[in-house]
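Labels run A, B, C, D and E following the written order; every chain starts at residue 1.
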(Lines give C-alpha, C1' and ligand atoms only; values in the text may rest on other atoms or scores of the structure.)
Protein backbone atom coordinates (compact mmCIF):
# COMPACT_ATOMS: atom_id res chain seq x y z
CA UNK A 1 0.00 0.00 0.00
CA UNK A 2 1.57 3.32 -0.96
CA UNK A 3 1.55 6.51 1.10
CA UNK A 4 -1.33 8.34 -0.61
CA UNK A 5 -3.64 5.34 -0.27
CA UNK A 6 -2.85 4.93 3.43
CA UNK A 7 -3.59 8.60 4.08
CA UNK A 8 -7.16 8.07 2.86
CA UNK A 9 -7.78 5.08 5.12
CA UNK A 10 -6.09 6.70 8.14
CA UNK A 11 -8.17 9.86 7.83
CA UNK A 12 -11.32 7.77 7.55
CA UNK A 13 -10.47 5.97 10.78
CA UNK A 14 -9.80 9.26 12.57
CA UNK A 15 -13.20 10.55 11.44
CA UNK A 16 -14.82 7.67 13.37
CA UNK A 17 -13.22 9.12 16.51
CA UNK A 18 -14.63 12.57 15.76
CA UNK A 19 -18.12 11.13 15.36
CA UNK A 20 -17.87 9.09 18.54
CA UNK A 21 -17.12 12.18 20.61
CA UNK A 22 -20.56 13.49 19.64
CA UNK A 23 -21.97 10.78 21.90
CA UNK A 24 -20.15 12.29 24.88
CA UNK A 25 -21.31 15.82 24.05
CA UNK A 26 -24.84 14.51 23.63
CA UNK A 27 -24.72 12.88 27.06
CA UNK A 28 -23.66 16.14 28.74
CA UNK A 29 -26.38 18.25 27.12
CA UNK A 30 -29.01 15.52 27.31
CA UNK A 31 -28.59 15.04 31.05
CA UNK A 32 -28.53 18.79 31.62
CA UNK A 33 -31.70 19.48 29.62
CA UNK A 34 -33.56 16.57 31.19
CA UNK A 35 -32.94 17.98 34.66
CA UNK A 36 -33.18 21.65 33.73
CA UNK A 37 -36.77 21.07 32.68
CA UNK A 38 -37.50 19.36 35.98
CA UNK A 39 -35.99 22.19 38.04
CA UNK A 40 -35.74 25.26 35.77
CA UNK A 41 -34.88 27.63 38.60
CA UNK A 42 -31.52 25.99 39.30
CA UNK A 43 -30.47 25.67 35.68
CA UNK A 44 -28.72 29.05 35.45
CA UNK A 45 -26.47 28.26 38.42
CA UNK A 46 -25.05 25.13 36.76
CA UNK A 47 -24.45 26.74 33.39
CA UNK A 48 -20.74 27.24 34.06
CA UNK A 49 -20.15 23.53 34.66
CA UNK A 50 -22.30 22.66 31.63
CA UNK A 51 -19.99 24.59 29.35
CA UNK A 52 -16.84 23.18 31.02
CA UNK A 53 -18.11 19.63 30.44
CA UNK A 54 -19.21 20.42 26.90
CA UNK A 55 -15.83 21.94 26.06
CA UNK A 56 -13.94 18.98 27.55
CA UNK A 57 -15.87 16.42 25.47
CA UNK A 58 -15.83 18.58 22.34
CA UNK A 59 -12.05 19.04 22.70
CA UNK A 60 -11.45 15.29 22.41
CA UNK A 61 -13.58 15.14 19.25
CA UNK A 62 -11.73 18.08 17.74
CA UNK A 63 -8.40 16.39 18.57
CA UNK A 64 -9.54 13.41 16.48
CA UNK A 65 -10.46 15.82 13.63
CA UNK A 66 -7.06 17.50 13.97
CA UNK A 67 -5.39 14.10 13.63
CA UNK A 68 -7.42 13.49 10.44
CA UNK A 69 -6.30 16.84 9.00
CA UNK A 70 -2.65 16.19 9.94
CA UNK A 71 -2.84 12.79 8.26
CA UNK A 72 -4.32 14.25 5.07
CA UNK A 73 -2.36 17.47 4.61
CA UNK A 74 0.88 17.42 6.67
CA UNK B 1 -4.00 -1.14 -3.05
CA UNK B 2 -4.01 1.85 -5.41
CA UNK B 3 -5.13 5.36 -4.56
CA UNK B 4 -8.63 5.26 -6.07
CA UNK B 5 -9.52 2.07 -4.19
CA UNK B 6 -8.27 3.44 -0.88
CA UNK B 7 -10.39 6.58 -1.32
CA UNK B 8 -13.53 4.44 -1.41
CA UNK B 9 -12.64 2.56 1.77
CA UNK B 10 -11.52 5.70 3.63
CA UNK B 11 -14.70 7.59 2.80
CA UNK B 12 -16.78 4.62 3.91
CA UNK B 13 -15.00 4.56 7.28
CA UNK B 14 -15.55 8.30 7.72
CA UNK B 15 -19.26 7.81 7.07
CA UNK B 16 -19.39 5.52 10.14
CA UNK B 17 -18.29 8.53 12.19
CA UNK B 18 -21.03 10.67 10.67
CA UNK B 19 -23.62 8.07 11.53
CA UNK B 20 -22.35 7.68 15.09
CA UNK B 21 -22.73 11.39 15.75
CA UNK B 22 -26.45 10.97 15.09
CA UNK B 23 -26.57 8.98 18.34
CA UNK B 24 -25.29 12.00 20.25
CA UNK B 25 -27.75 14.37 18.56
CA UNK B 26 -30.51 11.89 19.27
CA UNK B 27 -29.58 11.86 22.96
CA UNK B 28 -29.84 15.65 23.21
CA UNK B 29 -33.25 15.92 21.55
CA UNK B 30 -34.57 12.72 23.13
CA UNK B 31 -33.79 13.85 26.66
CA UNK B 32 -35.16 17.33 25.96
CA UNK B 33 -38.44 16.09 24.49
CA UNK B 34 -38.93 13.51 27.23
CA UNK B 35 -38.76 16.21 29.87
CA UNK B 36 -40.49 18.95 27.87
CA UNK B 37 -43.59 16.79 27.72
CA UNK B 38 -43.45 16.29 31.47
CA UNK B 39 -43.10 20.03 32.15
CA UNK B 40 -44.21 21.91 29.00
CA UNK B 41 -44.23 25.33 30.64
CA UNK B 42 -40.49 25.37 31.18
CA UNK B 43 -39.54 24.10 27.73
CA UNK B 44 -39.34 27.52 26.09
CA UNK B 45 -36.78 28.76 28.61
CA UNK B 46 -34.33 25.94 27.82
CA UNK B 47 -34.59 26.27 24.06
CA UNK B 48 -31.32 28.22 23.80
CA UNK B 49 -29.27 25.47 25.48
CA UNK B 50 -31.08 22.83 23.40
CA UNK B 51 -29.83 24.41 20.19
CA UNK B 52 -26.29 24.91 21.56
CA UNK B 53 -26.12 21.23 22.50
CA UNK B 54 -27.63 20.14 19.20
CA UNK B 55 -25.17 22.28 17.24
CA UNK B 56 -22.17 20.96 19.22
CA UNK B 57 -23.04 17.30 18.56
CA UNK B 58 -24.04 17.99 14.96
CA UNK B 59 -20.74 19.79 14.34
CA UNK B 60 -18.74 16.65 15.16
CA UNK B 61 -20.87 14.63 12.72
CA UNK B 62 -20.39 17.27 10.03
CA UNK B 63 -16.62 17.18 10.61
CA UNK B 64 -16.70 13.44 9.87
CA UNK B 65 -18.70 14.19 6.69
CA UNK B 66 -16.20 16.89 5.71
CA UNK B 67 -13.38 14.36 6.12
CA UNK B 68 -15.27 11.96 3.82
CA UNK B 69 -15.67 14.69 1.18
CA UNK B 70 -11.99 15.69 1.42
CA UNK B 71 -10.98 12.05 1.01
CA UNK B 72 -13.16 11.63 -2.08
CA UNK B 73 -12.66 14.91 -3.95
CA UNK B 74 -9.54 16.75 -2.74
CA UNK C 1 3.27 -1.73 3.50
CA UNK C 2 6.06 0.80 3.98
CA UNK C 3 6.69 2.84 7.12
CA UNK C 4 5.12 6.15 6.06
CA UNK C 5 1.86 4.43 5.03
CA UNK C 6 1.60 2.55 8.31
CA UNK C 7 2.07 5.78 10.27
CA UNK C 8 -1.10 7.20 8.69
CA UNK C 9 -3.21 4.17 9.54
CA UNK C 10 -1.78 3.89 13.08
CA UNK C 11 -2.52 7.54 13.85
CA UNK C 12 -6.06 7.12 12.54
CA UNK C 13 -6.60 4.18 14.89
CA UNK C 14 -5.26 6.18 17.84
CA UNK C 15 -7.67 9.01 17.05
CA UNK C 16 -10.57 6.59 17.58
CA UNK C 17 -9.30 6.17 21.14
CA UNK C 18 -9.26 9.93 21.67
CA UNK C 19 -12.86 10.20 20.49
CA UNK C 20 -13.97 7.32 22.69
CA UNK C 21 -12.65 8.99 25.82
CA UNK C 22 -15.14 11.81 25.19
CA UNK C 23 -17.83 9.30 26.16
CA UNK C 24 -16.29 8.89 29.61
CA UNK C 25 -15.95 12.64 30.11
CA UNK C 26 -19.55 13.06 29.00
CA UNK C 27 -20.69 10.47 31.55
CA UNK C 28 -18.96 12.26 34.43
CA UNK C 29 -20.38 15.68 33.60
CA UNK C 30 -23.78 14.33 32.55
CA UNK C 31 -24.32 12.50 35.83
CA UNK C 32 -23.08 15.48 37.83
CA UNK C 33 -25.33 18.00 36.08
CA UNK C 34 -28.36 15.73 36.29
CA UNK C 35 -28.00 15.51 40.07
CA UNK C 36 -26.77 19.06 40.65
CA UNK C 37 -30.04 20.36 39.23
CA UNK C 38 -31.99 18.07 41.53
CA UNK C 39 -30.08 19.20 44.63
CA UNK C 40 -28.31 22.49 43.76
CA UNK C 41 -27.28 23.23 47.34
CA UNK C 42 -24.91 20.27 47.53
CA UNK C 43 -23.33 20.79 44.12
CA UNK C 44 -20.53 23.05 45.32
CA UNK C 45 -19.37 20.50 47.89
CA UNK C 46 -18.82 17.83 45.23
CA UNK C 47 -17.00 20.09 42.80
CA UNK C 48 -13.57 18.81 43.84
CA UNK C 49 -14.45 15.21 43.00
CA UNK C 50 -16.08 16.34 39.74
CA UNK C 51 -12.81 17.82 38.53
CA UNK C 52 -10.77 14.81 39.71
CA UNK C 53 -13.05 12.49 37.73
CA UNK C 54 -13.06 14.77 34.70
CA UNK C 55 -9.25 15.01 34.73
CA UNK C 56 -8.85 11.24 35.06
CA UNK C 57 -11.08 10.51 32.04
CA UNK C 58 -9.64 13.39 30.00
CA UNK C 59 -6.10 12.14 30.74
CA UNK C 60 -6.79 8.80 29.05
CA UNK C 61 -8.12 10.57 25.94
CA UNK C 62 -5.08 12.84 25.84
CA UNK C 63 -2.81 9.78 26.17
CA UNK C 64 -4.44 8.37 23.02
CA UNK C 65 -3.83 11.71 21.27
CA UNK C 66 -0.21 11.67 22.47
CA UNK C 67 0.21 8.19 20.99
CA UNK C 68 -1.16 9.53 17.67
CA UNK C 69 1.35 12.40 17.71
CA UNK C 70 4.24 10.07 18.60
CA UNK C 71 3.26 7.76 15.73
CA UNK C 72 3.12 10.65 13.24
CA UNK C 73 6.11 12.75 14.21
CA UNK C 74 8.61 10.72 16.30
CA UNK D 1 4.69 -5.73 6.10
CA UNK D 2 8.02 -4.87 7.74
CA UNK D 3 8.64 -4.46 11.47
CA UNK D 4 8.66 -0.65 11.69
CA UNK D 5 5.33 -0.37 9.86
CA UNK D 6 3.68 -2.93 12.11
CA UNK D 7 4.84 -1.02 15.19
CA UNK D 8 2.82 2.02 14.08
CA UNK D 9 -0.37 0.04 13.54
CA UNK D 10 0.06 -1.92 16.79
CA UNK D 11 0.51 1.26 18.83
CA UNK D 12 -2.58 2.78 17.22
CA UNK D 13 -4.63 -0.26 18.21
CA UNK D 14 -3.32 -0.05 21.78
CA UNK D 15 -4.37 3.61 21.98
CA UNK D 16 -7.97 2.55 21.34
CA UNK D 17 -7.72 0.53 24.54
CA UNK D 18 -6.49 3.57 26.47
CA UNK D 19 -9.44 5.62 25.24
CA UNK D 20 -11.93 2.88 26.08
CA UNK D 21 -10.78 2.78 29.70
CA UNK D 22 -11.98 6.38 30.03
CA UNK D 23 -15.49 4.97 29.77
CA UNK D 24 -14.94 2.88 32.89
CA UNK D 25 -13.44 5.78 34.83
CA UNK D 26 -16.37 7.93 33.74
CA UNK D 27 -18.82 5.32 35.01
CA UNK D 28 -17.23 5.19 38.47
CA UNK D 29 -17.16 8.96 38.96
CA UNK D 30 -20.52 9.52 37.25
CA UNK D 31 -22.33 7.07 39.50
CA UNK D 32 -20.59 8.42 42.59
CA UNK D 33 -21.41 12.06 41.85
CA UNK D 34 -25.01 11.25 40.96
CA UNK D 35 -25.54 9.63 44.35
CA UNK D 36 -23.33 11.96 46.37
CA UNK D 37 -25.56 14.84 45.37
CA UNK D 38 -28.62 12.89 46.45
CA UNK D 39 -27.13 12.06 49.86
CA UNK D 40 -24.23 14.45 50.46
CA UNK D 41 -23.78 13.50 54.10
CA UNK D 42 -22.69 9.94 53.28
CA UNK D 43 -20.36 10.90 50.44
CA UNK D 44 -17.26 11.34 52.59
CA UNK D 45 -17.62 7.83 54.03
CA UNK D 46 -17.49 6.23 50.57
CA UNK D 47 -14.56 8.27 49.32
CA UNK D 48 -12.07 5.47 50.00
CA UNK D 49 -13.93 3.03 47.76
CA UNK D 50 -14.35 5.75 45.10
CA UNK D 51 -10.59 6.13 44.79
CA UNK D 52 -10.00 2.34 44.83
CA UNK D 53 -12.47 1.95 41.95
CA UNK D 54 -11.05 4.92 40.07
CA UNK D 55 -7.50 3.62 40.43
CA UNK D 56 -8.49 0.12 39.28
CA UNK D 57 -10.12 1.41 36.08
CA UNK D 58 -7.39 3.98 35.42
CA UNK D 59 -4.75 1.27 35.86
CA UNK D 60 -6.16 -0.75 32.98
CA UNK D 61 -6.11 2.31 30.71
CA UNK D 62 -2.53 3.06 31.69
CA UNK D 63 -1.59 -0.58 30.99
CA UNK D 64 -2.91 -0.14 27.43
CA UNK D 65 -0.81 3.05 27.14
CA UNK D 66 2.21 1.14 28.48
CA UNK D 67 1.68 -1.52 25.81
CA UNK D 68 1.62 1.24 23.16
CA UNK D 69 4.89 2.65 24.48
CA UNK D 70 6.53 -0.81 24.64
CA UNK D 71 5.44 -1.48 21.04
CA UNK D 72 6.86 1.84 19.83
CA UNK D 73 10.11 2.13 21.76
CA UNK D 74 11.21 -1.28 23.13
CA UNK E 1 3.78 -10.53 7.02
CA UNK E 2 6.74 -11.80 9.03
CA UNK E 3 6.66 -12.94 12.66
CA UNK E 4 8.09 -9.81 14.31
CA UNK E 5 5.58 -7.54 12.55
CA UNK E 6 2.65 -9.75 13.54
CA UNK E 7 3.77 -9.59 17.18
CA UNK E 8 3.29 -5.80 17.22
CA UNK E 9 -0.22 -5.94 15.77
CA UNK E 10 -1.22 -8.82 18.06
CA UNK E 11 -0.06 -6.95 21.16
CA UNK E 12 -2.00 -3.87 20.07
CA UNK E 13 -5.18 -5.90 19.73
CA UNK E 14 -4.62 -7.42 23.18
CA UNK E 15 -4.32 -3.91 24.67
CA UNK E 16 -7.84 -3.13 23.42
CA UNK E 17 -8.99 -6.02 25.60
CA UNK E 18 -7.22 -4.55 28.63
CA UNK E 19 -8.96 -1.21 28.08
CA UNK E 20 -12.36 -2.83 27.63
CA UNK E 21 -12.07 -4.58 31.00
CA UNK E 22 -11.98 -1.12 32.59
CA UNK E 23 -15.62 -0.82 31.54
CA UNK E 24 -16.49 -3.85 33.63
CA UNK E 25 -14.53 -2.59 36.65
CA UNK E 26 -16.25 0.77 36.30
CA UNK E 27 -19.66 -0.87 36.26
CA UNK E 28 -18.94 -2.84 39.46
CA UNK E 29 -17.73 0.17 41.44
CA UNK E 30 -20.26 2.56 39.91
CA UNK E 31 -23.22 0.40 40.85
CA UNK E 32 -21.81 -0.23 44.34
CA UNK E 33 -21.19 3.45 45.07
CA UNK E 34 -24.57 4.47 43.71
CA UNK E 35 -26.34 2.16 46.12
CA UNK E 36 -23.93 2.56 49.03
CA UNK E 37 -24.78 6.25 49.14
CA UNK E 38 -28.49 5.45 49.13
CA UNK E 39 -28.14 3.03 52.04
CA UNK E 40 -24.78 3.75 53.72
CA UNK E 41 -25.40 1.58 56.75
CA UNK E 42 -25.44 -1.62 54.70
CA UNK E 43 -22.40 -0.76 52.58
CA UNK E 44 -19.81 -2.27 54.93
CA UNK E 45 -21.58 -5.64 54.91
CA UNK E 46 -21.28 -5.87 51.11
CA UNK E 47 -17.64 -4.89 50.96
CA UNK E 48 -16.44 -8.48 50.63
CA UNK E 49 -18.54 -9.10 47.53
CA UNK E 50 -17.47 -5.73 46.09
CA UNK E 51 -13.83 -6.74 46.18
CA UNK E 52 -14.56 -10.21 44.76
CA UNK E 53 -16.42 -8.62 41.82
CA UNK E 54 -13.73 -6.00 41.34
CA UNK E 55 -10.97 -8.60 41.41
CA UNK E 56 -12.79 -10.81 38.90
CA UNK E 57 -13.20 -7.98 36.39
CA UNK E 58 -9.69 -6.61 36.97
CA UNK E 59 -8.20 -10.08 36.54
CA UNK E 60 -9.60 -10.34 33.02
CA UNK E 61 -8.05 -7.01 32.09
CA UNK E 62 -4.73 -8.08 33.55
CA UNK E 63 -4.96 -11.36 31.61
CA UNK E 64 -5.28 -9.32 28.40
CA UNK E 65 -2.18 -7.36 29.47
CA UNK E 66 -0.36 -10.60 30.22
CA UNK E 67 -1.27 -11.87 26.74
CA UNK E 68 0.18 -8.66 25.25
CA UNK E 69 3.40 -9.16 27.23
CA UNK E 70 3.68 -12.84 26.21
CA UNK E 71 3.13 -11.88 22.56
CA UNK E 72 5.84 -9.23 22.73
CA UNK E 73 8.54 -10.89 24.85
CA UNK E 74 8.09 -14.70 25.00
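Operating definition for what follows: contacts are C-beta pairs under 8 Å (C-beta built on N, C-alpha and C of every residue); 3 or more make two chains touch, one makes a residue touch a chain.
If you want to know which protein each chain is, UniProt gives these names: A, B, C, D, E = ATP synthase subunit c.
Since we're looking at a predicted model, the values are computed, not measured.
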Exercise for the section: Give me the chains shared as neighbours by subunit B and subunit C. Expected result: A
Practice task
To the nearest 5 degrees, please report the angle of the rotation taking subunit A's Cα atoms onto subunit E.
Solution key: 95
Completion exercise
Chain-centre distance (mean CA atoms) for subunit D and subunit E, in whole Å, is 10
Completion exercise
Separation of the C-alpha centres, subunit B versus subunit E, in whole Å, is 31
Completion exercise
subunit C and subunit E have mean C-alpha positions lying a whole-number Å distance apart equal to 18
Practice task
Any chance you could list the residues of subunit B touching two or more other chains?
Solution key: 17
Fill in the blank from the handout: Per the touch rule above, subunit B residues touching subunit A in the complex are 1-3, 5-7, 9-14, 16-28, 30-32, 34-36, 38-39, 42-43, 45-46, 49-50, 52-54, 56-61, 63-64, 67-68, 70-71, 74
